[in-house]
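Take a look at these structures.
Shared between the two complexes below is subunit A, which has subunit B as its partner in the first and subunit C in the second.
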Partner chain A sequence: MRWEETVVEEATADKEDTSAPETVVQSSVPQPKDDFQEELVIRPLHSGDIYASFQFRTLWETDFMRGNKVSHYRLFPKSLGQVISKFSVRELHISFTQGYWRTMQWGQPFLPSPPGAELWVWFQDSVTDVDGTWKELTNVLSGIFCASLNFIDSTNTVQPSASFKPLGIGNVTDHRFLRYATLPREIVCTENLTPWKKLLPCGSKAGLAVLLKSEKLFHSSFHSQAVHIRPVCQDWQCKTTSWELRQTLNVVFDLHTPGQGKLEWSLFKMFSRTLTEACPLASSSKIYIDITDDPQGEQFEVSPATHLLSQAMVLGDRRTFSVYDLTQQITFGTVRSLNLLIRWKSSEDMLRPLLHAERYVAGYGLQTGEIHTLMYNNHPYRSFPVLLLDSVPWYLRLYIHTLTVTSKGKDNKPSYIHYQPSKDRVRPHLLEMLVQLPPNSVTEVTVQFERALLKWTEYTPDPNHGFYVGSSVISSLVPSIVAMDTNSTREQPLFSSFFPCKEESSYFMRVYTEPLLVNLPTPDFSMPYNVICLTCTVVAVGYGSLYNLLTRSFQIEEPSPGLAKRIANIIRKMRGVPPL
Partner chain B sequence: MGLLSDPNRRRALISLLTRLNAPICVVCYMAGVAWFMGLAFEPFTLRTYMSENAMGSTMVEERFPAGERALGTGREFSAHKKKAGGMPVDWLVKTMQSRGLEVFTQRFSRRLPFPDEDKERYMVKGTNVYGILRAPRAPRTEALVLSAPCSPGDDNNQAVGVLLGLAQYFRNQVFWAKDIIFLVNEHDLIGMQAWLEGYHHTNTTGMDWSPLQGRGGSIQAALSLELSSDVVTSLDLVLEGLNGQLPNLDLANLFYAFCQKIGVLCTTQGKLQRNDWDSVSGYSHAVQTMMLMVMKQASGRPWGDHGLFLRYHIEAATIKGINSFRQYKTDATTIGRLLEGMYRKLNNLLERLHQSYFFYLMPSLSHFVSIGYYMPAFGLLALILLLRMSSPGVLSVLTPLVISHLTGVALYTLPIHFQEIAVEHFPVSETEAVVLTAIAVYTAGLALPHNTHRLLTGRGTENGWKVLKLVAVLYLAVLLGCTALINFSLGFILALTLVPVAAFVTPDVPKALSAFIMVILSPACTLLFSVFLFQELQEMPVSFLDGWMLYLSVISQGILDHALYGSLVYPLVALLVYPCWLLFWNILFWK
Partner chain C sequence: MQLQLFVIILFLFSPLVPQENAGQFFSSGHTNNWAVLVCTSRFWFNYRHVANTLSVYRSVKRLGIPDSHIVLMLADDMACNHRNPKPATVFSHKNMELNVYGDDVEVDYRGYEVTVENFLRVLTGRLPPSTPRSKRLLSDDRSNILIYLTGHGGNGFLKFQDSEEISNVELADAFEQMWQKRRYNELLFIIDTCQGASMYERFYSPNLMALASSQVGEDSLSHQPDLAIGVHLMDRYTFYLLEFLEDIHPSSKANMNDLFKVCPKSQCVSTPGHRTDLFLRDPGSALITDFFGSVRKVEITMETINLTEPIQQVEQNFVNEERQKETYSYVDQLPVSEIIHQKPKQKDWHPPDGFILGLWTLILLVFFKTYGMKHLKHIF
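So, the complex of A and B:
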């Protein structure tokens, strides 16, 4: 029964693709109930590295607003479906990242994420105990993704007031229902990849997912995997709604070779696999190769060549892609296997991305310090506002009166500041600011802090490694070079359609800074026994008795004589005789 | 404690202490010196051992192959350096970029308070070039630094060559977990200071630098390489940093372990270690090595480019290649392999180096004396000060105290401020003017403070000097105690000379003889003797005139170190040690 349905689906999908030309069309054909699309974008980067981004989208048409229990699952993973309904989740975004995205070398990623784990969730407004639900949810997700999300507690959770708006439909914007947490120390590896792959309808058996071999994915410069769940409209009138599960995996491979010749890379070299088929359950399965930087075909060579080209508006830029449709047998050729080969040249200059940011700790010593956040606006003549979100653990005590924002040597007063002070051992600092970045400038945000002395049980097992402070988040509407496509219901490649776009002249962008590693004053834990013994001895014996000696005066005192003796002495004194 | 709470015994003990005070003091002093000399005797010292588990058992395999090519790069660097007449910035940027690093530059400039005649510089302008090797899948939180100075003339070209060779080799390895920063700094310490201040965004010394564009998070360890010949006979490890700070002993252990493994001769203070500790010459060799370390540490100067890292709690050391007339030579490939091994081990670190000692002396590279062993030597000297406290009333001592300290302030501020006037009126250069003013203020101070109490209170109170001595002795005890905790060597050397003065000076001793002894034991003369002793220990004895010139340059360097890098030795001597000594001088001339 199930299998038949999917075959029919595939057939219709095939028909659609073959009948329609590559230019996008309004989707007027009634969609099947569930839908799965997969996509791989490969972009040879400026620096000579290569960026591969996988996107898998599962749509699940169900009426989530009523909150009725659903027990039938087809393509949508049951484990996540149950989580959504049990915890009344409206939106869930979780990412696991190993490494830091190098904006200066690589440009902007399709989907940004901070190093470590990041989780942000919008709950339905029917939830009464948001904190309790959040705690349970993190524990459940921790099990599902095999990650230490259970370390998320009130000391690293914040409720941003402006930076994280819902990305799907729904009009709840009361930030009481939002929770945001990062774990900058989380290390991402195979054990997180396996459960992530299991959420796919085809698993890693067929389709693009066969390329996801951990020995290659974790032999890279950057690895990030994410899961985004949100409610979306099925059509432009939003008559029917559905859950969208987007699984993305971004990886950057290091292609450094000392020589200056052309770089060469192929699917097999990257993933040690070639493609032989699309996932049978997928309605669309495509590979896009970004060839924008090479209009004349001088720098790039792609083989096998394809005549299918597609244009898409990505991150404020119009890009051209070669498209390989895996649902068509002709793509695989006579050898029945697709091994894309790319050759290109690289340059070593740094990029000047429109918006990028960096952060560091200034000062020395273990008492105080200063956090510097630098935000670069490289646009030649447009200024634009950015929202800066900083969540700092309580053990760095921010002196908020020292907060300064300067651009071009002048004070730059933020138009909006939301600051929630920390409470020791309970909650972190939350600082949100809306800052206008002047054109072609660097804006520096500095704030001083004092390092707290922790209780001795609060130190981690490796206290001398330092303590992490999560990335700050910079969200902004950046002026775009080309008119952005605001029609969200049009058929677009998945990678270009994640952040909803409301304006034609700008696009949404999020930038994460690097996390910080801060040393706190640390006692010498290596010989606690000796230290405790010695200190106690010194205090007890040395100080105690010295203090005793200094404050008391010692005199020899005769025991007082009896009454008879005293009388006898008085008499003897009167007689002038020495007393007894 | 029963001994002390029983009044009779207490009285007996006190009378014993007062009766035998002088002999006990002499015994303490002798014992202190003997203890110190005993520290270098091998059976009394500990063998070094690796405390950090992350660097211990897992031996790495070094494969750096490209020593010859690195030397070629060094020669290319030297050619470009000659052509550019300084740092070949463009060439370095291009070379580092082609090796796959993220390259950044930093410009800096600094006007020295007075011209430095040793290094012939006054207005210093330069550029630092550094490239960051980004570790794969690392979030830019930790970094290691390898630096080589771009020195004038033909020095250190090979160091830059090896640095670039290692950068190229490291770039193709996959095991890095921390970013590695390859830094070529111009104008040695000034460039390093500018870079470190830029990296940590502090400004302690009023230097102008352009902000850094790229960072790698918190720096865990740093090595500075100095190499001026294609082959070396031995590698010398320099540990002494600014204000007598030392890196964690594990860094020295790491270097020693790899020298042993690869088979490179390694030295510290330029002295090989010997196995014949039981012979007189073996023992004196160890004493020499340790004394050199003590002198260098006491000077409070950074003895290599690594010295400035220590302020930022970054463990750092300088590795110097030495080429002498020995037969056995080591080539650049081997040095590269040594550094590769050390960096791979440092890369394994999970925490900052903290397991081993921060306070130690090294009589040889394989042996060390920890703080627990050397402190008693100082304690014995400091005990004398406590024993010499005689009782009595207060307040009359305020005047000498204030005047002594004002003299100290004058010594601290005048030399730099009066250099222009001095240059106008006397035929001397700026440097000489500064040094000679310092000496003049110092000598003038000898004439000034004594008899001041008489001017102000009308007559010299009979017991007044006793109070002054009590205050002065306590002052000295606290001062030396604090100094020795931070910089043992400086504390010990000062104690060695100042304690006898403090112990025996009274107004009743023969004036002329005591005054002579006091001058001999004053801080300035201590410095003079130290200069001669240091030359003697380095086996480069100098004539008196050369020694005197060296002495003058040491003073000017001390003042410069304070202005440029924030070294604290000059202000310590001028503002605290010298006034304290003046108090004793005052006591001598009380009547």
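So, the complex of A and C:
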């Protein structure tokens, strides 16, 4: 207890020093600067649910790669810093998600993620054995995040050839150094949240992270926590790089009481906590509430009211936000605690998301089936290209000659196809296609498959649950309604500066489909026991009876005499007379 | 013997150590504590086994053992299971009084990772080199280890995940391996399954103490269902064990004889058993906190220690000046034209397949048969 208080005191003393160079040691050279920002965006959704997105960003101007060992960690967590330098990682993106993001009801998320666990890593070009390094990295990460990431091996890792370009800066993109894997079965629970919270500079003791209580976060329709590490430009000239660590947590809360009139949500209702202070180590700590749908204040009512407004270009749209700055004491008012209350009326019409995808398995029986992927382009007159990445496990044997891509009933030939066939028990299928989606249409991709019979030791302990196939990833450049901001170093809120923006007329987006649950032909595991019992019974009864019949012989035997006769026989024996 | 000699020497040569603590200081002989807590059952109706393990985890953490010294293995996820009406919680008492899952839990092995092989590897220490530290039992010959197993069992075996079993012979051999490799000082083994006493019948290594919730031929029963959650919440033996441990605090002097009295037949319906013949000390002198708590040997000293000078950092030219400044830029996320004109990946060259080699050999043989060997010199 005492130890923790001391840490907080030091932190408040350092609050003023976050921008000044650290002079821990007596030297003339300043330590690399690091900076921590936190923000929370709350967006009421049209379905009546409420979407909260936390982002915590640590920027550090250091160089893990240049040989001098980094030994003094301040805001950047040491466990991740050691992972980056030991495995020569250029970029690391890992996410744990529970639930599926419903694009048609909720719109687009700020940071998409597939159900389960997803890990993709770009290694530096100095790495010689990428596969070996990848295996060690997954084991180390499984220890850091308390997840079974050690199940990631060559049977579910792929090397995409065109998707997943680096999100950080870099000049070379040789896809030999990229690895991508998903574990759709991975469960997310408090044991994953606990180490994630411990990576934050203030832990879960101060700032926005106090709201992260697992009992409320996991009682939601969608929960996703992620860690993204990448090198970014320090300034507009972009001659030097700094490392950026973003920890994001997206959660969508259910609305339990549907009713007419205004829906009411507060921070206390969502998180069972209110805010009392910003993290003392943060240079900026803000809450944004999306009020775009109602700028006049008729539908929306936010209390305590704030006059700070900000506009940001996010997801191709210009949106207005009311801002609460937690570093200012007046935000907390006289009660020294902030409990935001939002009352709003949801409007029926929502802007339809421009890109949307679905996937399902068709067919019957346990031998064959067909995977259908549908991609919807809801733009009225513009067409745009999408890159579809499909990674199917080896036990679904795809027949690629049956692959068809149709839009509006006509054949749509992809301009780029990359297919890597699977190898049993070694590699999964990898299919990447660049398809141009015509405006206002549905594009359907179908491929037939056959189910394999696994060896009996390869079945999971609950094989009748089914086997998962990871989500398809659809990356695309979607035309935007308003001109996007290409100046990447202007002060922007964190949620709008994740994907780098190169052109003004379109923005980059990634959509994930549902994972598939497929039943494989499962043997009856009780059969060996049944067979042994039956065989042993038959042998015991049949052979035993036969043996007795063949070898048993009958002898006549006198019944044993009574007591008096026995005594008489003894006397007669003594006398030497034959017995009775 | 050597230990007692050491104690006497210390008594004579260090008058600073308070007399009344010196005896306790060296009585147990261990310097660190470890715990391996395993739940072996899968599926929602085995909720009580996960609750058993988590309640022991909670007690052990509360009494001082840190997460880095606990290897927690849960074969299935009950807290965030879709059938759980209160997500992220695992309750041990009905009416949802005590949430043993808590807010600060670290599970080291979960789901399909809980197998007999992994359990035995953790115990013996034979793990692949890339296993992270949190998944290893890094005990030494001065560690007291608590091992707790729960699940479904029978006479001489314990079922793991409904698909494999561990037998009492394997377990006894694993403990012998640990003894030979000096991986424990004293080991307390607690098992809460049906016919649990059969699991410790075969132990033969020294310094082992074992407790079981039922004798051979008896079933361990569960405690009480919760109608809101719909399953039984805890097993009887562990329920009363948890109640007993809730009264223990880190400086408690309760000893093992009190632990043997937990859950008599009137409460447990089965007869709990224990085995102490392999344990070298008297169970009455072994404290509960020797296994469930963590050692806190604090020595107060009056000496002053001079801190060294702060490290002088060598003048590093942050190589910004020397390196020529190259401008970096963000990568284009979907470069359509580049992708379309991408050259296909060079396939690695493989030596020709056996069939092709055989075919070429045949062709060459036929050629030379027909035309004779003297034509060879025209080729070479």
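Please note the rule applied: the second predicted complex is superposed on the first by the 485 of 580 C-alpha atoms of A that agree within 3 Å, B and C clash if a C-alpha of one lies under 4 Å from a C-alpha of the other, contacts with A are read in each partner's own complex, and residues count from 1 in each chain.
One rule holds for everything that comes next: contacts are C-beta pairs under 8 Å (C-beta built on N, C-alpha and C of every residue); 3 or more make two chains touch, one makes a residue touch a chain.
This structure is a prediction, so every number in the text was calculated from the model and none was measured.
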Just checking: does A:L549 make contact with subunit B only, subunit C only, both, or neither of them? Give me first, second, both or neither. first
Return first, second, both or neither, reflecting whether A:D462 touches subunit B, subunit C, both chains, or no partner chain. both
Mind working out whether A:P515 is in touch with subunit B, subunit C, both or neither, as first, second, both or neither? first
One more residue to check, A:F218. First (subunit B), second (subunit C), both or neither? both
Is A:Q98 in contact with subunit B, with subunit C, with both, or with neither (first, second, both, neither)? both
Output check: A:Y360 vs subunit B and subunit C. Expected answer is one of first, second, both, neither. What do you get? first
With both structures fitted on chain A, tell me whether subunit B or subunit C touches more of subunit A's residues. C
Looking at the overlay, what does A:Q82 touch: subunit B (first), subunit C (second), both, or neither? neither
Taking the superposition as given, does A:T306 touch the first partner, subunit B, the second, subunit C, both, or neither? neither
Quick check for you: in the superposed arrangement, does A:S337 touch first (subunit B), second (subunit C), both or neither? neither
If you lay the two complexes on top of each other, which residues of subunit A touch subunit B in one and subunit C in the other? 98, 218-219, 462
Of all residues in subunit A, which touch subunit C in the complex? 24-29, 66, 68, 98, 135-136, 139-140, 142-144, 146-148, 150-151, 161-162, 165-171, 173, 185, 187-191, 194-195, 213-215, 217-219, 233, 237-241, 385, 387, 415-416, 418, 434, 460-462, 475-477, 488, 499-500, 502, 508, 525
Residues of subunit B defined as touching subunit A within the complex: 1, 4-7, 10, 97-100, 102, 134, 136-142, 168, 171-172, 174, 200-202, 215, 217-218, 311-313, 350-352, 354-355
Considering only the defined contacts, which subunit C positions touch subunit A in the complex? 42-43, 77, 79-80, 86-89, 101-113, 128, 130-135, 161-163, 310-313, 315-316, 318-320, 325-336, 339-340, 342, 344-345
Where on subunit A does subunit B make contact in their complex? 98-100, 102, 104-105, 115-116, 184, 218-223, 254, 256, 258, 260, 348, 350, 358, 360-366, 370, 372, 462-466, 468, 514-519, 522, 524, 526, 545, 548-549, 552, 554-556
